[in-house]
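Got a structure here, written out as structure tokens. Questions coming.
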Amino acid sequence: MPATPGAAPPLVDQHCHSVVASELSSSAFASLLTESDRPPAPGATPWDGALGLAVRRWCAPELDLPAFASPEAYLERRRELGAAEATRRLLRRSGLAACLVDTGLTEAAGVPLLTPDELGGLAGADVHEIVRIERVAELATPGTTAAGWSDAVRSALRRATRHAVGLKSVIAYRHGLDFDPARPSAAETTRAAGEYLDEGGGRLRHPVLLRQLLWEALELGLPLQLHTGFGDPDLTLHRTDPSLLTDFVRAAEPLGTPLVLLHGWPYHRQAAWLAQAFPTVHCDLGLALGHVGTGARRVLAETLELAPFHKLLFSTDAYGLPELYRVGAAAFTDALDSWLAEAVPVPAEAARIAGLIGGGNAQKLYKLPAVDSVSR
Amino acid sequence: MPATPGAAPPLVDQHCHSVVASELSSSAFASLLTESDRPPAPGATPWDGALGLAVRRWCAPELDLPAFASPEAYLERRRELGAAEATRRLLRRSGLAACLVDTGLTEAAGVPLLTPDELGGLAGADVHEIVRIERVAELATPGTTAAGWSDAVRSALRRATRHAVGLKSVIAYRHGLDFDPARPSAAETTRAAGEYLDEGGGRLRHPVLLRQLLWEALELGLPLQLHTGFGDPDLTLHRTDPSLLTDFVRAAEPLGTPLVLLHGWPYHRQAAWLAQAFPTVHCDLGLALGHVGTGARRVLAETLELAPFHKLLFSTDAYGLPELYRVGAAAFTDALDSWLAEAVPVPAEAARIAGLIGGGNAQKLYKLPAVDSVSR
Amino acid sequence: MPATPGAAPPLVDQHCHSVVASELSSSAFASLLTESDRPPAPGATPWDGALGLAVRRWCAPELDLPAFASPEAYLERRRELGAAEATRRLLRRSGLAACLVDTGLTEAAGVPLLTPDELGGLAGADVHEIVRIERVAELATPGTTAAGWSDAVRSALRRATRHAVGLKSVIAYRHGLDFDPARPSAAETTRAAGEYLDEGGGRLRHPVLLRQLLWEALELGLPLQLHTGFGDPDLTLHRTDPSLLTDFVRAAEPLGTPLVLLHGWPYHRQAAWLAQAFPTVHCDLGLALGHVGTGARRVLAETLELAPFHKLLFSTDAYGLPELYRVGAAAFTDALDSWLAEAVPVPAEAARIAGLIGGGNAQKLYKLPAVDSVSR
């Protein structure tokens, strides 16, 4: 993927969600600037954090405002332009050649998300699908029996992934990464499915079924993304340390299925070691780079202490707001450029490494069609 | 809390201890420069660390010496001036408008500490009290029965906090933060109190009583500070990770009592996530910023990766030496200025955020009377 | 150890392994640039990481190439010069006055290592021996009985350490640092030895025997190095956190035997706290500084946040490639110089601290004969 002179190498966003293109209230907009799902403390606003500053830094100029315009001025200008135009500008300026969209979420702050095709159209990017396995299993559950649960889920996974390039698990939320790495026996699974069905199915949190589902997913051979590290208050941080996955990584290694550790923060160094130690393991910094603002340079540099260049992948983990695409892409590009300037003072080498991390690794891992350079 | 032009915004030190204003031997002075309570290794001195350098950097000029004067020259000049004058200078130059003093410790290196009022007088700062709950419980124990322990402790807490603005727990030392988050039943508490009384009371380490005490404290509604992260060799570091408190935070959330995670290092990123995820959680870097010397810029920046600006509070955790006030305040101010210069290149915004973290958040959280700007 | 004007202070490499001085295939060379023991993923090369860049940065000029020469050009030039000459240049330019060689490994990538004396001759450095205790125990096992195992191991340790300056344990690999800190009883040890012998002896992984061995080692009084933090895929990262050793440190404290925590990354801040809190604990960053490339400045600075200057020791943990000596020494020197420039702007003080960390601490701890300054 050689860089065309004068053009930025195409970015492949290997893990993202769709956005809302209709108007959002000020409070709905703000609620998408924090991982908290609680109302803010009295007098506080989610704008007052590193991500809020990053939106003001990188996005205000796209809406013709000076950098660091106030939140009020930003939202006013956004309404003036119209949400659709603001969304188009922000997505287009993110410089994405392709997006791998996790289709497991369909709304944000109560408002429906764009379809993946609509998203791709506005972004000017190819769109590919990542299937969230817990959601597939939940949808496949009604009408099954305990003994038939595994087969039903396996069939549903095959159907759901016919056009997908990868899978994703949120076992970090549903249980934590400290699960028993062994594949459950058929008898265990049936017993667990019975317990789950007796409770009416629904949100899948049964540890045995979550494990069984992971093992079914591994057999499909598609890259399996795993949420690790921080997220919303549903998770318990120390139970999302990717190092807790080590025995699972070992058990899964003979299958050869690629594993992609998402986010990682504040355990991104642990993810980097796993990516160096095990050929099947890859990592990204999706949710982290956008959220940490100017800290992105440090977080990326800490990851590159040990992560091999062919194992780290760019993503934004954007969700709900097109601003998160722009911020995620800008934070990544700025942080990587800063690291390369110090670590790789040879332009051609720096461009090669930037190409791998920015998109080349994803293109190869997910077997994507070739993408062209994009002008940003 | 708008900044007066030409004046530094007032700092509110939300967690500190009193100091010794009388002469200290060289070895007693040195012993207060380390978290170790053991004699130093042969040939070693606690001056030889980041905190020792920070004292030489920030405090020597206050005693009319060049920065980085030798420890010997520093101590000689300190004796020449007299401990009282040195203490006055160092405290006054820390620029504190108010101090929240943990009154649970009454001496350092075997020498009595100033009373809070004496401390405030020398520092030119308002003084408020933080009550250490384990000490209240220990003092309330003699003469109680197992069945009466809870009531006795509850009454003692109410009496002890009549004039206090907050509470503090050192369960990180007494047990570790990996405690059962559930409130103990009355029967459990009585049984545990019986065991504790049978052993003669004294230092409170019984896990059930420590938990019961925390729940009693939560009901008072005052902000509850919790030691997390590093400290002296009495604690086991990985058991002080604030993420271990997550289920307790969840269980306590309905009460609405603010929780303040102190210190955090090396788990300050974990504390920052908790502060973003849960409205009740706040954090500081008290013990850390002074101790880590020039590393304060990095530690503060790592915290601000995720901590909301209205959730981070300044403190020094100074104890014993007035030098620790000066160093704590200088390290904080330097680190925050450095972060703001990079992250918030808009002076008015930078001043607003500095005001929140330096004192405004504490003023609101602890319902303190308004303080004026101070000249430093 | 005063610095001679115009000469660098002598470096004492307190933990290293020998190197291969004969020709290596390109793939064997590359395999020594990663902690993974698996074949690289298709299309990937271990050169593409921070360590590969560091070799190109620091070593290419020693072979008369420009910095950042390509891997192919580097290996071609290395063969042209001959492995022996390249090895001599790289070792000699590492500026080592003394090496403490862990003699537990005897080959790398299937090729025999130089003897310690050969290594020292090429490096122009004094050589001292560090004995790997698990290997001694394994070699002492054949022919023993369960009841005689402890005595046999104790005798073997005494024989093996007659000329050694220190010991090393890899219990982090064989079990993890989350072992029971108590000394096993004689009956427990005999029972465990019986189980081990019934399985034919060999690689020692029995938790009871590993613990018994550690306690035998402590009694010799020589400094005991412990692997902590990252390494090859045999270990599970979160089980190598040195904080897990805290109760063992406490239990061992009365014996007074120095403990040296090696590597530490990504738990080097935890190691630094242990070194401050406990007089017996020291730490190094051996494996880390070479591997993390330009990240060495940050990793060293994070360690110096809390590590006392008389408790941190330089090492390279070089193994197999003489390049790892050159990179380890250069990364350390560059990182320390950078930290000193910021934290200690007084040349004489900076030189004193550099002397302690670079070699003075090791000289004292291992009771080494005096070394002279070396010209680099």
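The chains carry the letters A, B and C, assigned in the order they are written, with residues numbered from 1 in each.
One rule holds in what follows: a contact is a pair of C-beta atoms (placed from the backbone, for glycine too) under 8 Å apart; a residue touches a chain by one contact, two chains touch by 3 or more.
Predicted, not measured: the structure shown is a model, and the values here were computed from it.
Peer 1: From subunit A, what is the lowest number of touch steps before subunit C is reached?
Peer 2: 1
Peer 1: Nearest 5 degrees, what's the C-alpha rotation angle taking subunit A to subunit B?
Peer 2: 120
Peer 1: Over half of interface residue numbers shared between subunit B and subunit C means same, under half means different, so which is it?
Peer 2: different
Peer 1: Where the centres are mean C-alpha positions, what is the separation of subunit B from subunit C, in Å?
Peer 2: Going by mean C-alpha positions, subunit B sits 37 Å from subunit C.
Peer 1: At least two other chains touched by the same residue of subunit B: list those residues.
Peer 2: In subunit B, the residues touching two or more other chains are 298.
Peer 1: Show which residues of subunit B lie in contact with subunit C when the two form their complex.
Peer 2: Contact set of subunit B toward subunit C: 34-36, 38-41, 43-44, 46, 48-50, 53, 68, 230, 232-233, 236-238, 265-266, 291-295, 298-299.
Peer 1: For the complex, give me every residue of subunit B touching subunit A.
Peer 2: Against subunit A, subunit B makes touches at 241, 243-244, 246-247, 250, 269-270, 273-274, 276-279, 298, 301-302, 304-311, 339, 342-346, 349, 353, 356, 364.
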